[in-house]
Amino acid sequence: MRYGILLMGAPYSSQASHSALRFAKAVVARGHALEGVFFYHDGVQNAARLAAPPQDEPHLVDAWAELAAEHGVPLQVCIAAALRRGLLDEREAARHGKQGHSVEAPFELTGLGQLVDLGLRCDRLITFAP
Amino acid sequence: MRYGILLMGAPYSSQASHSALRFAKAVVARGHALEGVFFYHDGVQNAARLAAPPQDEPHLVDAWAELAAEHGVPLQVCIAAALRRGLLDEREAARHGKQGHSVEAPFELTGLGQLVDLGLRCDRLITFAP
Amino acid sequence: MLLHILNRSPATSEVYRQALAAMGPEDRLLLIEDGVQGAMSTLVGHFAEVTGRLYALRDDLEARGLIAHCDTTVAVTDMAGFVTLTEDADRTLSWF
Amino acid sequence: MLLHILNRSPATSEVYRQALAAMGPEDRLLLIEDGVQGAMSTLVGHFAEVTGRLYALRDDLEARGLIAHCDTTVAVTDMAGFVTLTEDADRTLSWF
Amino acid sequence: MSNEQGDLLVILRHGPHGTSWLREGLDAALVAAAFGRRVTLLFMGEGVTALLPGQGSGPLGQKGTAPTLEMLEMYDIETLLVEAEALARYGLDAGSLMLPVASVGQGRIAELTASHPLVLTF
Amino acid sequence: MSNEQGDLLVILRHGPHGTSWLREGLDAALVAAAFGRRVTLLFMGEGVTALLPGQGSGPLGQKGTAPTLEMLEMYDIETLLVEAEALARYGLDAGSLMLPVASVGQGRIAELTASHPLVLTF
């Protein structure tokens, strides 16, 4: 089956990111196709490239990037939710006249339409929220 | 009287930042001394220098910086809560081997001890949380 | 006398019980943000034990279209009044 | 048949009522995260109307020291079982 | 899409101003509608307070969600449902809300969640 | 400080793993204690579940808060109070928790909040 995940919780503040990542791995292990993870609301914080958690805690940003690298899962971040929260890639930073950026590949800023598309295209969309 | 504020909500996600800022202005207008604002939990997101909200919405990061400039209010950000959430100033970015930074003056990364100090030093500590 | 500050609605969250449990006989309770829903005549019964010591923030009532629904037993206050409430109290506690 | 997923405790949040209100007669309810508190024998009564269709995630029960408190009427499942539950259902809805 | 109910059910469970859930849920509904999807909105629990008349801007000038709700018709989002139990809990009357809505009971809510290909909760 | 109750009352109202409130509240308590302040902990509502024995690490290996609680004594945080009503609601017995605690009723909680120079809620 084709699965999609909607993640709306920030890492470290709530367990939503842990649950989503764990579910994603179980979906892939079961042989399903994970068509994408869409990050909305506070979930966009999962794309914060500067996150520096203590070494004895899981690094969730890196864990998502590893999932993308190993299984080709697109990591789509709602651009409107991200900009409000200070999460900009290089292109958006330039557009807004800001020095530096806080989001990088494999996370990609995209529109909310991609969430609707993911939800209607997949057989299952599972939401994890704070 | 001497006032302190503890802010634990992220801007845009909850009203806590709006309430705290509005209360801060009312405290100053009333002639009290606002000795500091301490940002903890998701409140550290108020220091996200790259925040780019739509132009018809209040820019909370800038509003805090204006409060600091006009009234000399220290803006203290819990360093442990900030690092986990991807909020690093130039010094911490260098220390963690990251290119770029997401926090700048007048926000300053500091330890939790400053919260206890603020709470015990002030006549009133008001907490705003999500 | 302490000022307790509650920002959750009694219709959605049990947190209001904690605020009430922690209140002394003279303490006051200020409803802010989504907490002002508790000032509605239909919900104010949750705060019966602190009648006369219950306040709600006008700005938050107005933003939500709740002024007309606010019970007459609730003291409506503006931001300056919020500051005064914190002055009058020895300390404040927030419940969220 | 839908799978509903609840991550809030009935002891703190009224959200469980929304999940129950939205459930059809065959739908199932999976408790995860803080929601697994609802599987405790002392709290499971909130879910009486879905007895036999109530599941709880083992990982989250174990992490919280709640395995021994879990009511015998609740079906405990692991992550692979979570995926199976989503396969068996037509869709899932999350309540938070 | 063959479903007469529409493609997408968006369940809104939060009031205005306190959090961004309502706004972000509405944004999802508007985008879906703009892409040609038929959208049904269901206001549950605290969500019914989103429909109170006479809302204002927030304390620092944030515009709130009422102006967005007033635009729903332009996006062809015309099916607005409210949970009957929530209306009762808040002591509100469906006819007193800022937009025309239909009140739905518990059984109907289960039918709605079962019949829409995509359901999002906010 | 002359107050025999101690300087700081930290009220913990969330369980482990689900959110970071419990950990961040404990961190504040530990820091205050490390700076020589006398700290009292009060577990209210869901917070009592922080004291359940037999907790494990989280699903991705996050260590949780139980190891931190076991270190409290080293920080001279010895006054651990739990809300009696919360124990009853969860069907727990004070004696079955992972640390020695005292159960306190509603009137005592109001006394505690009134008598501490600084009270923080998490």
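Each chain gets a letter, A, B, C, D, E and F, in the order it is written, and its residues are counted from 1.
Please note the rule applied: a residue touches a chain if its C-beta (ideal position, glycine included) is under 8 Å from a C-beta of that chain, and two chains touch if they have at least 3 such contacts.
Values in this document were obtained by computation on a predicted structure and should not be read as measured data.
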Both-way neighbours, i.e. chains that touch chain F and touch chain D: A, C
Same-residue or different-residue interface between chain C and chain D, half as cut-off: same
From chain B, the most remote chain by mean C-alpha position: D
Which of A-F and A-D has more C-beta pairs touching across its chains: A-D
Chain separated most widely from chain C, comparing mean CA positions: A
Mean-CA-position distance for chain E and chain C (Å): 27
Interchain centroid distance [CA atoms averaged], chain B/chain C, Å: 25
Distance from chain E to chain B - Cα centre to Cα centre, in angstrom: 33
Sites on chain C at which at least two other chains make contact: 7, 11-12, 14-15, 33-34, 59, 79, 91, 93-94, 96
Per-residue multi-chain contacts in chain E, two or more chains: 17-20, 45, 58-59, 117-118, 121
Sequence positions of chain B contacting 2 or more other chains: 12-13, 15, 19, 22, 41, 57, 125, 127, 129-130
Pairs of chains satisfying the touch condition: A-B, A-D, A-E, A-F, B-C, B-E, B-F, C-D, C-E, C-F, D-E, D-F
Chain F-facing residues of chain B, complex: 6, 40-41, 80-81, 111-113, 115-117, 119-120, 125, 127, 129
List of chain E residues in touch with chain B within their complex: 17-20, 58-63
Footprint of chain C on chain B - complex, ascending: 1, 3, 15-16, 19, 22-23, 25-27, 29-30, 32, 124-130
Chain E-touching residues of chain C, taken from the complex the two chains share: 7, 9, 11-12, 33-34, 37, 40-43, 59-60, 62-69, 79
Complex contacts: residues of chain E adjacent to chain A: 7-8, 20-21, 24, 27-28, 31-32, 34-35, 37, 117-118, 120-121
